[in-house]
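You will see chain A twice below: alongside chain B first, and alongside chain C after that.
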Partner chain A sequence: MENSAPTSIAFFTGFKVSDLLFLGEAALRTLLISVIAITSGSLLGILFGWLLAEFNRYLTSGLNLVLDIFRSVPLIIQLILLYNFFPIVGIPLSPFVAGTIVLTVYTASLVAQVVRGGVEAVSLPMRRAARSLGMTYFQDIRYVVFPIGLRAVLPAWTGVALGVLKDSALVSVLGYIELLRASQILVTRTQEPFIILAIVGGFYFILSYPIARITDRLEKRWQYD
Partner chain B sequence: MDYNFHWRPVFRKLDQLLAAGLVTMEVAILAMAFGILIGLLLALMKMHGNLAMRGFANGWIEIARNTPALLQLFFFGFGLGAFGIHLSPFLIVLFGLSFNNAGYLAETFRGGFSAVPKTQIRAARSLGMSVLQSYLRIIIPQVFRVVYHPMTNQLVWSVLMSSLGMLVGFRELSGETQFLAFKTFRMFEYFLVAAIIYYVIVKMILGLSWLIGRRLFRY
Partner chain C sequence: MIEIKGLKKSFGDLQVLKGIDLRVQQGEVISIIGASGSGKSTLLYCINGLEDIHGGQILVDNVDVHASATDLNRLRQKIGMVFQQYNAFPHLTTLENVALAPRIVLGKSKSEALEVAKAQLVHVGLGDKFDAYPSQMSGGQQQRLAIARALAMEPSYMLFDEVTSALDPELVGEVLDTMRLLSDAGMTMLVVTHEIGFARDVSDRVAYVHEGLIEEIGPPSSVIANPKSEHAKRFLANFK
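Take a look at the complex of A and B:
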């Protein structure tokens, strides 16, 4: 393929095996930013979801509105807004930090909805029964709500987590060199978009597909016991 | 804070932003329509097809669901360029979103079909309905009830995903915003207004879907 290239554009070089290493490193960065965002976002989301489910909805309407906004505005707009907002108040952020913050809040807004659904999936009589057996509120949460809610929450939570893993590709807009950005750099150099995009797609697929399969299986098994 | 917000250039271009909002809705709804058609086809292929058809449907669904939408757009945008196929930005976004929607909707439809008991179609057939009749009058209405809310969600996702058009040079709401913002470098102001327009579009879709749903599923 390269032999036929005109000599005038000699700075284009073919795809090399060492480029796979570059892509692998970029995949690790994708994984890094996703894992940080998913972990911290889930913790926040659990807190928010618990607040939304257990407290008076007029008291939590403000929180609900804010989370709703994060769910209804495209992630790419959120990224650009935050990235451009912090220099205004005098604290310029690196693409990595800005991306992590936005992804975290975005994850939290999605997880909050999932967790709220999970807590509400535990029927009220069940919880009253727990309390009237003498359990404290936190025992009720720990031994009744958690095990029952987990079944409702886990498949949806995995969906959110995989969604965030894929959406982390958008952080490339800010200039953070993750998998997708790396692929663009390589495409610019090698001019072989098809192969490189296919390889990068493969990387994402390898990260995402096994988790999706395991969750499917868990979900099916939990239906019967 | 030594930054002065300038909103006037944004408000002066508000009509252009709103027009771009219409483009966003247009492409999202078109991609949704294609997604529903292809998604139904994929769901049927996965449930009733032979080995080759099942493999094709599975491949499409898993690739659409397990790779980023942006990568799929790039694939239609730049990947096809390797074969000398150059699509316009509109077509890139339309095909990319349709591909993605079809994958997700296929799984939704499959879930919907499996939620209707098999005995329903046998009952319909034994009442003398033809296959087509029993599907149109018995199965589809019940499936539709199950998939209605997931479909609404998918339409919202479709609107949100169309913002990726910005990165392949399509001038929908985000692309237009970026285009205008780069002229004046009022990035924050422009994108905040765009965010508000997105929020309104999403709320409109959800509200409309709620109204229609209440009318359709009265019983």
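Take a look at the complex of A and C:
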């Protein structure tokens, strides 16, 4: 009896090197959900933004309203609503899937406005000049509107991407073990919030920094004035 | 040949063109003059289908520009247009600006398109600016770039929409000189302009447009030197 179990259980143990691995794994999950959401959300947002910019205001007013809702309702409410709604209709979602869907739509609603601005940044005379050369509508979009608009909105898009990366922390409320959730688990165990939150902050910085740098570099390379 | 018959065009309740008739022969240079807002620019936009029309007909080489069966993209290949705003593509170098349409619209190979572009740029006096971006060039240079870009499509007709209006006075001459070269080479040109001197020296005919109608048309010696209509007289008096 005396040898089979320790007499007292240690509830709190200090921060160990293996915990770094745990955090690293969680950082990869943050990266995964962010990359999926930013990529698919941006693609959807390009489609929506193009519709908003190029089609009649009345035709797109419904889309505009829906996007406005996703832009205005706090992300954490959207997450909890969606995560709990699907089981009610008989389709249980994993925290990862629910989180990815909400982050994607949220990203799309933000990117749509950015893209709309980008399309509208290309003046009507410029587009007429392109068409007067015999370009088709989609050649005009592909060779004139897209490259000019992209340069105009890259800083705004970067802001959205960095925001979504950080907002992905909210998916923790669903139980998806990404960086923030992992840090909460470790803080509970180690009672060392200061060091753990500092490390997690460092991880977020490491994830964000390349996005900021790459877009910075693209901006410089694309500078033509 | 460009034939315009009874052309009418409105923007909402405002009728801008009220029945324009004009026939442009091959090799002819016609200047269109008149007060701002008289519908001159709109007329050009209608000719290459950038604006739809509400009455009448425009035929370019016997093709009805506004017929639904007309392939406008194909038709526009033979109608070059230069605008008041230079509209150089800001993200492309001078050479790329000119080579783009020959490559993607005419399907020329990259090297072919670049050859065409170089030739046209040399032609308009920008032989030393191949790698410059539009933002590094003066307004006059950008406008000559726009002319080269239109010419690279080897159009049969050229439309000029107040191409010197946005230029500083000292840059107007270089653009007009380029247009003179073009007219000497036999290009068919429709030129909306406020440069009365250019209209007088270069055009075969001058059309005076007043409130959506061609009020007077004929050789410069009559329309500019000796206008008959009161409106034309008053308009031209501003340029004396």
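We take it that the second predicted complex is superposed on the first by the 203 of 225 C-alpha atoms of A that agree within 3 Å, B and C clash if a C-alpha of one lies under 4 Å from a C-alpha of the other, contacts with A are read in each partner's own complex, and residues count from 1 in each chain.
To be clear about the criterion, a contact is a pair of C-beta atoms (placed from the backbone, for glycine too) under 8 Å apart; a residue touches a chain by one contact, two chains touch by 3 or more.
Keep in mind the model is a prediction, meaning the values are calculated, not measured.
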item	value
Simultaneous placement of chain C and chain B on chain A, clash or fit	fit
Angular separation of chain B and chain C about chain A, which is computed from CA centres of the superposed model and rounded to the nearest 10 °	100
Chain B versus chain C as contact partner of A:D167, first or second or both or neither	first
Partner chain in contact with A:G134 - chain B first, chain C second, else both or neither	second
Partner chain in contact with A:V73 - chain B first, chain C second, else both or neither	first
Partner chain(s) touched by A:V97 [first = chain B, second = chain C, both, neither]	neither
Touching partner for A:Y143 - first (chain B), second (chain C), both, neither	second
Per-residue touch tally on chain A - higher for chain B or for chain C	B
Touching partner for A:W222 - first (chain B), second (chain C), both, neither	second
Touching partner for A:L47 - first (chain B), second (chain C), both, neither	neither
Partner chain in contact with A:L154 - chain B first, chain C second, else both or neither	neither
Minimum Cα separation, chain C to chain B, after superposition on A (Å)	21
Chain B-touching residues of chain A, taken from the complex the two chains share	69, 72-78, 80-81, 84-85, 88-90, 162, 166-167, 169-170, 172-173, 180, 183-184, 187, 192-195, 197-198, 200-201, 204-205, 208-209, 212
List of chain B residues in touch with chain A within their complex	1, 3, 62-63, 65-71, 74-75, 78-83, 156, 160-161, 163-164, 166-167, 174, 187-188, 191-192, 194-195, 198-199, 202-203
Complex contact set, residues of chain C against chain A	45, 48, 50, 73-74, 76-77, 79-81, 83-85, 87, 89-91, 100-101, 104-106, 133-135, 146, 149-150, 153
Touch list for chain A against partner chain C, complex	123, 125-126, 128-136, 139, 143-144, 147-148, 151, 222, 224-225
